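Below is one structure, written out as structure tokens; comments come after it.
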Amino acid sequence: MNQQDKIREELALIENWDPAIPLIEIEDMRKAFGDHEVLKGFNLKLFDKENLVIVGKSGSGKSVLLKCIVQLESMDSGMLKVLGQDIAELDHEKLDRIRANVGFLFQGSALYDSMTVRENLQFPLRRHPERRRGDEESSLILDALKSVGLVDAIDLMPSELSGGMKRRIALARTLILRPKIILYDEPTSGLDPITSKEIIELILEIQQEYGTASLIITHDMDCARVISNRMIILVNGINYAEGTYHELLNSKDSNIRAFFKGA
Amino acid sequence: MAQKIKHTIRLGIFVTVGAILFTLSVYSIGNRQNLFGKRYRISTLINNAYGLQVGNNVRYTGITVGSVERISFRNDSTLKVDMILDDEVKDYIKKDAIASISTDGLVGNVIVNITPGSGNGRPINNGDIIESYSRTDPNDLLNSLGNTNENIALLSLNLLEITEKINDGEGTVSRLIGDAQMANEVAKSLSNMQTVTKHLITMSEQLNYSIKQISEGNGLLPYLLHDNTIQHQMESFISNLDSLIIEENKPVMANLKTASEDVTVATNELKIVLETLNKGEGSATTILRDTAVAQDLKDVFRNLNEGTARFNENMEALKHNFLFKKYFKKQEKERKKQEKKSKS
Amino acid sequence: MPNKSIYFSGLMNYFEETGKVTLFAIRFFKEAFKPPYEWKELIRQCYLIGYQSLVLVAITGFIMGLVLDLQTRPTMIEFGAESYMPSMIGISIVREIGPVITALICAGKIGSGIGAELGSMRVTEQIDAMEVSGTNPFKFLVVTRIWATTLMLPILVIMADAVGLFGSWIVENLKGDVTFALFFNQVFNNIEFGDLIPSTIKSFFFGFAIGLIGCYKGYYTSKGTAGVGAAANTAVVVASLLLFVFDLIAVLITDIFYEI
């Protein structure tokens, strides 16, 4: 079996994912920075087409969790499976193929400043030609931009875009590889309430259109309320509580209630 | 996309221009060292490299035609200098050309100078060894000037010795003048006193004539009189001569009676002496008058003059040298200033 | 009274940084010759680093030539060595002043630019974004930039040399009636390969140093936007220092091979 066939088979397996198997499975994840232990045995299961929201205070290790999933950070101990593969064990090539299935929307959008919107969207494709699925590059870019409603911005530079537009373009860039999972790191941070609402609605639309599973990290409870099928509350480095928005809203636990105070 | 292509073109131009500049400078340097194009090698054997280095220029009749490729020891006192020359000059350099090492200007780089030989030789071939002669460098020039100075000092020293010897009564001059036997013979010529005095008058006349000649500037002595010490010495020499004559004539007077018969002979002899003095024979006259030795001395002085003239020429050449231009200009200015001052 | 441990920790910091920079350089050499190559980005960086520094370097070179000539002239005239001006200027520009001034200017412009660019890419997670989208950011950002500085600096140095000599010629021509041909003839009569080749090799190392330090400082920026400024700043300082160290080493090595 040659490399091409292998990749195709992998893709096929991922596209027809068994809903019973979690896309991401984390058990007893630990991560410390120096003496400061951020994650102290975190557990998580993300299933297909699910919107899982993780809420936690800033500095509680939410971002670190996401970065561990795509191996931008490596965890100290624990088990981490993404799309059925133990991600810490993979070589760089295989890791890249897994990463192509996991979109990552960064907190500050992380658009490449020196490139136009078009080039930004081209960028993920250059190393993942198999992700085009036979389509023309330009049509893929246009499709992605259509999904976020910013086709006109194709030749603009990121510096010419507003914060909300940047977030949309970043989302389009994430979508262009048609990932199975999208990780959102504070998707509404730094945006005004109206734009936040638009982005939240967009995330829902995208989720329906592309059929992705989403893992969303936020401390914006509005966002959590609209998007979440299920929520995890991260306190002291562990998944303190788990449930739907409403279940948690009615909780008597003071630690949980603290999150809903503003809502 | 059009913008992109333009960028690439600009970058291309930038890199190309840089590469061309680099290549040009490499070529310019290489050309000088004859790395490109046809070339051939010749060698010469020398005793002293005078700081010659690999890469120094080789000039033929003043034109740079190549560079030094290698300097190696042949034996304990001979060096072999290999040179690379342009192919173009091959036909012009003959086998009897002579290489020398000199400096490019007074303080410039050391260079190898090839000067044409008789012009009848066959053109040089690759690998030939040509003759060399030791260069005259500024140091040598200064050395020879130093030698001249030493010679002048020696000369005046010798003159001093001569006059001293005359004073002490040594040597031919004093013997001729102060010989005791001769004096006795003079003493015997009492009867011919008249003749003697007559001759004495003639002698003093002739001496006067000699001194007059000297003072008029004829003969060698005026040359010597340029120098004060020499002048003084000559003066004392002449006065000594006078006193000698007077002193030595005292016994002549005393013995006039006893030696009357021999007076004629003596006077004759004295006559001969004086005649020889006048004719310019004998050591004393040799110095006083221009004969062979005087001629030699004259030659020495001419050489000295020539030496100083050449030195002047060198100084003149130095004046034109850029290095010292400023200095001489300054001097000139100073001199003019002085003149102005003295005029006003 | 300063504490001894302050000096000690300072020394340790220095060693740690040196070690990190060395590892960074080793990583560069490991990845530089391994496919895939980022040609497009390399060319883009060459354009930005090389071509876009040209005007600055040319102006600096020109003024450098002018000033050097104006300053040296009176002294040389005093010694009556006016006619040695072209060769003296030529040798000093080609051997030392051209490479060092150009490298310092580039350390200021390019080093800080790279430091700030990579620094802000780091703090805005652009480097992370590249990493997750399957592109090796080290290869894409660092390798291309270090290559670009290494390759472009010698060209900039040659250009600065040329413009600088041209500037000197203008002074010579105005003050001393030296023709263009005579000036450059004299210059090239006195420049040896021993002057040109080592200074060109030196320029490659200068470029490498500027790229390496700029990238290192930018790539490992932390502490947000303040860190970006610090990265740009230290990139210039460290790169400039390193240039002089390289220069000293280069001169010593040149001494061995060419016996100046």
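By written order: A, B and C. Residues from 1 in each chain.
What we mean here is this: a contact is a pair of C-beta atoms (placed from the backbone, for glycine too) under 8 Å apart; a residue touches a chain by one contact, two chains touch by 3 or more.
Please read all numbers here as calculations on a predicted model, not as lab measurements.
Participant: Please classify the inter-chain touch graph. Allowed labels: line, ring, star, complete, other.
Facilitator: line
Participant: Counting C-beta pairs in contact, which chain pair ranks first?
Facilitator: That would be the chain pair B-C.
Participant: Could you give the separation in Å between the centres of chain B and chain C, each centre being the mean of its C-alpha atoms?
Facilitator: One centre to the other, that is 59 Å.
Participant: Give, as an integer number of Å, the spacing between the C-alpha centres of chain B and chain A.
Facilitator: Once rounded, the distance between the two centres reads 101 Å.
Participant: Suppose each chain is reduced to the average of its Cα coordinates; what separation in Å results between chain A and chain C?
Facilitator: 42
Participant: Chain A touches which residues of chain C in the complex?
Facilitator: Chain C reaches chain A through residues 117, 120-121, 124-126, 128-135.
Participant: Which residues of chain C touch chain B once you look at their complex with the stated criterion?
Facilitator: Contact set of chain C toward chain B: 43-44, 46-47, 50-51, 54, 77-83, 94, 154-156, 158-159, 161-162, 188-189, 191-193, 196, 200.
Participant: Across the complex, what residues on chain A touch chain C?
Facilitator: Residue positions touching the partner: 67, 70, 72, 96, 99-100, 102, 104, 106-114, 123-124, 126-128, 173, 177.
Participant: Show which residues of chain B lie in contact with chain C when the two form their complex.
Facilitator: Per the touch definition, chain B meets chain C at residues 7-8, 10-11, 14-15, 17-19, 21-22, 25-26, 28-30, 32-33, 55, 321-327.
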